[in-house]
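One chain, chain A, appears in both complexes that follow, with chain B as partner in the first and chain C in the second.
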Partner chain A sequence: MEDQALIGPAGGALLPVLARRAEPVVIPLLALLVGFAAFSLFLLTQGKSPVQFFQLVWTGGFGSAFSWQNTLSRAAPLLFAALCVALPARLGLVVIGGEGAIVLGGVAAGALGVALIGAPAVVALPVMATGAMLVGAVWIGLAGGLRHYRGVNETISSLLLAYIAIALMNHLVEGPLRDPTSLNKPSTATLPPELRVGTIPGFEVHWGLAVGVVCCVLAWVLIDRTTWGFAARIAGGNVRAAQVQGLPVGRLILGFCALAGAFAGLAGMFEVTAVLGSANGSLVAGYGYTGILIAFLARHNPLVIIPVAILLAGFQASSGLIQRRMDLPDATVLVLQGFVFIAILMSEALYGRLKPFVPEKWSR
Partner chain B sequence: MEGDLGLWSILIAIIGGAIRVSTPFLFVSLGELLTERSGRINLGLEGTLVFGAMAGYAVAYLSGSAWLGVGAAALAGALFGVLHGVICSIPRVNDIAIGIALMLFGMGIAFYFGKPYVQPVAPDLPSIPFGWWSDVPQVQAALQVNVLFLVGLALAVVVAWMLRSARVGLVLRVVGDSTDAARAMGLRPAPIRVMATAAGGALAGIGGAYLSLYYPGSWNEGISSGQGLMAVALVIFARWNPIACIWAALLFGGAGALGPALQSVGVTEGYYLFYAAPYVLTLGLLIATSSPTRAMAGAPGELSITK
Partner chain C sequence: MLPTSPILNRRRLLTGTAALGAAATLGLPRMARAQGGLTVGFIYVGPRDDFGYNQAHAEGAAAVKAMAGVTVVEEENVAETVDVVQSMESMINLDGATLLFPTSFGYFNPHVLELAPKYPDVRFQHAAGLWTEGMPTNIGSYFGYIGMGQYLNGIVAGHMSQTKKIGFVAAKPIPQVLLNINSFLLGARAVDPSITCQVIFTGEWSLAVKEAEATNALADAGCDVITCHVDGPKVVMETAAGRGAFICGYHADQTSLAPDKYLTGAEWNWAGVYTGMVQTVLDGGTIGNFVRGGLADGFIKMSPLGSAVSDAARAQFEATKAEIMAGGFAALKGPLATNTGTPILGAGEALVETDIALESMDYLVEGVIGSTS
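Up next is the complex of A and B:
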């Protein structure tokens, strides 16, 4: 009798629909908890208190206005880096070289900024952003193109391209683009104040966060609400079927990879114009790799990337506090990310297996 | 560019460098080859390599024996391999994604435990001076061949023989070429793949120990520059043939030695670009040897990257 009351207006039962909807939410959350639990056991073997660890994460990442500011500033590049993984993933591609597009995007923005000193910011900043996006688009688009036209595995090629990008960056900031006054840390010339991206009024967080959130929403619209996104999902499910349907698989792969790279390039641009002030080795900060984890945790859903990126940014923001208070090395957060990553991938096996989420199994 | 040797000195430095730099490539690629021949790909060997470098260095420092360090690195690598193999045996878990996760996990945990070992100095692995016949110091330096390089050469021959003639090699090939055929023969593919991945991990660990215990010969967080990942491409280039792995590893080693060799004769222009040579070479070889239409010759049938 109780089931009768839960029949929805469309004639379908509400409860089964809810159960199906809950599955992709509950399973990643479970995996997150399992990852945290495994990490807690690891901390216990090290004689450290997991309770203290998570308390410090709360204090350092989310406990005060200042820590939120720190967390949100760190979330900005992660949003773009995760989009760089999530968009190609819709086509079934595993692109892990976002780091390269971030680094080169930063160099492009830094170099264009130096060339445009004296130009009004309303002209210079869009030119810098466009340059960074173009460079990033070419870099990841190359991995996509090689995949489609030459059959080169995109996972390996994108990571190789990331190493090449870092070498190029080193070459450029130590050679042709080097500011002679940067002695200890070779950098491009420092950008003048008018070419620095400021903070969102009232937030003390730079504009990269707002742009990142907007990009996530746009990417969601593209994937979930347009025919291109629909075509990409079909191609990601079955390339042959997509080709038989006459879908332009090659152009979809190139377009999605280029867009993914453009987002990563923007991350580099905001790092240079809002945080670093010039392009240098600090661009190689591992955002691309954290972005992979975020995209997988969010199941490549651009809207879900936003909270997941903020969560992981909070861990990174609290890293300094954890090092000081608990005497743990800075790699602790990397270990935590590793545990969570393994747990989330293992949780793939649970889909369709947990009875509460599979209405077909209820009666049995 | 002083000295009588001139361009010869660059060549000698590249040959010597190729032998030195190729050893980790050789071990990791043989490890990856064993794994891939069983039908799985382990992209996590980069993390295994870094963890092996750390574990090998730490144990060598604490025990005073470089060889104990190599053993510890192999054991640690095998554990990573087992982890990868077991997780991939769960249905619907993607071996490429797990490889990426284990790459990040291995590096994170190596940096975590490796912090106290950045400063101390561990004993080096021994090398044999094959350059005794020459009076030229550059030739002598180039022909200082590490014992592990010779072990790697022998290992490649043994693996080639095993895959061709030994029962264990045939079992590995059947499992790698067709899960169904292996089942029909009464083999259980999953445990065999776990063992192959563990053996592969152990070899990658040894490759890492070579990095920290011989060349460059110290432990720090930048010890590996993608050798573990390039090994995956190297195996494809070597067409899953252990003997071809030797030549491929020497080629990659030579490319990696280009930058230091040019620097040693005073060429500093474009120094960082030469450091990108191995990656460019890897990418170029991948482009040249891949095809969008046909499967790669020699590829194990169950391998996900070539399907």
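Up next is the complex of A and C:
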């Protein structure tokens, strides 16, 4: 790039500002369309109609009040799972083991709930939530600590920690925490109705969705509107520069990882109190891994996570209808997600290269 | 084995393009579902071609599909989470299903139990659950005494084992699985009381790598007849046969995986059960809320005996099968103790196949090498 281009034309004009603002919106949308187009070709090779496919995605995921309820109830845990990836990502860390924090958060909530049977819900539910968040924070914080103090790659360690978490959960719900009456599906004792989180009035979607949206907004404020978030973004851009500036990189890593884990733990708490009614193997549902996809699609922007999580939840909500009406295997939606993911990753290379979005290049 | 994955092929591309064109001109393709007839939904926790638990149910669904006036909708790989709740509601709301078969145990509590009151006109037929008085009456739970099938597996295994050691790859130490392990050993001990059965738990219902490791470990330990209770027995069957051991099947017929080594197998017979239940609904009748059945009721069946099975094994197999068909058969007969020495049954006592106490079994009987925890 030439020096002159770096300085650029007068910054106040409206059109260049709009062009710059449009870039991060238009490029992912284009990538989404490219992904859909590639997937449509794939469907054609299978002798299936892409038109019918996308109509069914609409019907199953977004076309009616029932579809929206279906989509939104699936979106709730995905919001938290995506935050668990997005927060460390702003520091340049790729944490992919959110699943472990979700599972252990759920176990903590389930165990605390059983211990607190009889206590009023206004006391018990916050304690369960706090416990789940603490356990999640410790779990992902471990990956952050290993990274900072021992130089262990956080991607690998968080993934391995997720396997340990699942094994630990199995041990606990099949051993010390098992309800003896849960015969063929080992679980902790079933929570009484007053410790179950209900649905948002007027919707058939549990409170986890609302809390998830609030958490996304809070995370956005933290990253975009506080000095902590600013420091984290500096460290994510260039660790050396951040250290030279005297930023507490170690504390940032631990803090952001712990917060990320706390959000994932909260997802586990809502799974147990709103959906499952007890902690058991159903906590291992793969939300942590879908969260990775969502965070990358949202380019680790917590506000963008909300619509992306709803979009992916809508895909999953329509998956059943697609199986039933088009006689396609359940993996079809995963294939679609794969196409979209690859298109979005490839689109990363386009930033700053498409002339309409780079006012500096307009004159040439 | 190479997957027969369809690649780009001109005919497929053409049919796809034609379908696209048709859909585009006709607009939204209205699916004429549930027009007057009965729509039945089947939900599986794993793939419906798993050579095991889910395939057995899918074969039942295929039989229902062939009935007149019935539309079948199916979903596979549905997790025991909000997923199954949404799948059931989607089948009810978008397909008009009024009879549902959620076929995994973990769907029952809380998902089926909490959804049933919301849709009182829909019948929820749940496999393996324990319906009890006070639960919603539009729920039915059904299952089969497949432990008897494992007992018959054990009889053939007892005859065919040279090392007097047989092996069992198990998912989790829960009552259904423990009953199968105990029945397999007791069947073999009905042939030769010196036989032992080594069990290895993998901890998960579907975990191919551990299933293969467990099977190899059993073969290394000298087990020469191996069976299993995991969702998809394919890996265990192929690994065991590859190691030269005989195999006894489970859930579905696995003969085709290793015809020379396959002795027999304990299979579900959901085709008969499901067509019967659907016919009852079509005729306006009611299905019982708690239904159990065994070999005589057509809930389970045995795979055809393999070519390797000896005449002596065949004779005792047929004789015992006839006894079971007559009803009141007990695999667990006193005196009997657990493998940790705790007495279960005194002399003259027995637990017949229909005894509800068997559905809360938490022990391995003497002769089984392994531990429930």
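Just a few scattered comments:
One rule holds in what follows: the second predicted complex is superposed on the first by the 353 of 364 C-alpha atoms of A that agree within 3 Å, B and C clash if a C-alpha of one lies under 4 Å from a C-alpha of the other, contacts with A are read in each partner's own complex, and residues count from 1 in each chain.
What we mean here is this: a contact is a pair of C-beta atoms (placed from the backbone, for glycine too) under 8 Å apart; a residue touches a chain by one contact, two chains touch by 3 or more.
These figures come from a predicted structure and were not determined experimentally.
Using the contact criterion defined above for the overlaid structures, shared-chain residue A:Ser73 touches chain C, although it does not reach chain B. Once chain A of one complex is fitted onto chain A of the other, the partner contacts of A:Glu174 extend to both chain B and chain C.
Of the two partner chains placed by superposition, A:Gly118 touches none, neither chain B nor chain C.
Judged by the touch definition given at the top, the superposed model places A:Pro329 against both chain B and chain C. Look at A:Ser49: by the touch rule set out above, it reaches chain C but stays clear of chain B.
Look at A:Asn153: by the touch rule set out above, it reaches chain B but stays clear of chain C. In the superposition on chain A, contact is made by A:Thr190 with chain C only, not with chain B. Common to the chain B and chain C contact sets on chain A are residues 170, 174-175, 329-331.
Chain B meets chain A in the complex at residues 43, 87, 90-94, 96-98, 100-102, 104-109, 111-112, 115, 225-226, 229-230, 232-233, 270-273, 275-276, 279-280, 282-283, 286-287, 290-293, 305.
Interface residues of chain A, counted against chain B in their complex, comprise 94, 96, 146, 148-153, 155-157, 159-161, 163-164, 167-168, 170-171, 174-175, 289, 292-293, 296, 329-335, 337-339, 341-342, 345-346, 348-349, 351.
Contact residues on chain A toward chain C in their complex (touch as defined above): 43-52, 55, 59-60, 66, 70, 73-74, 170, 174-175, 183-186, 190, 271, 275-277, 280-282, 285-286, 316-317, 320-321, 323-325, 329-331. Those residues of chain C lying in contact with chain A across their complex are 6-9, 11-13, 15-17, 19-20, 22-24, 28-29, 31, 47, 73-83, 85-87, 89-91, 93-95, 105-106, 109-110, 128, 130, 172-176, 203, 359-360, 373.
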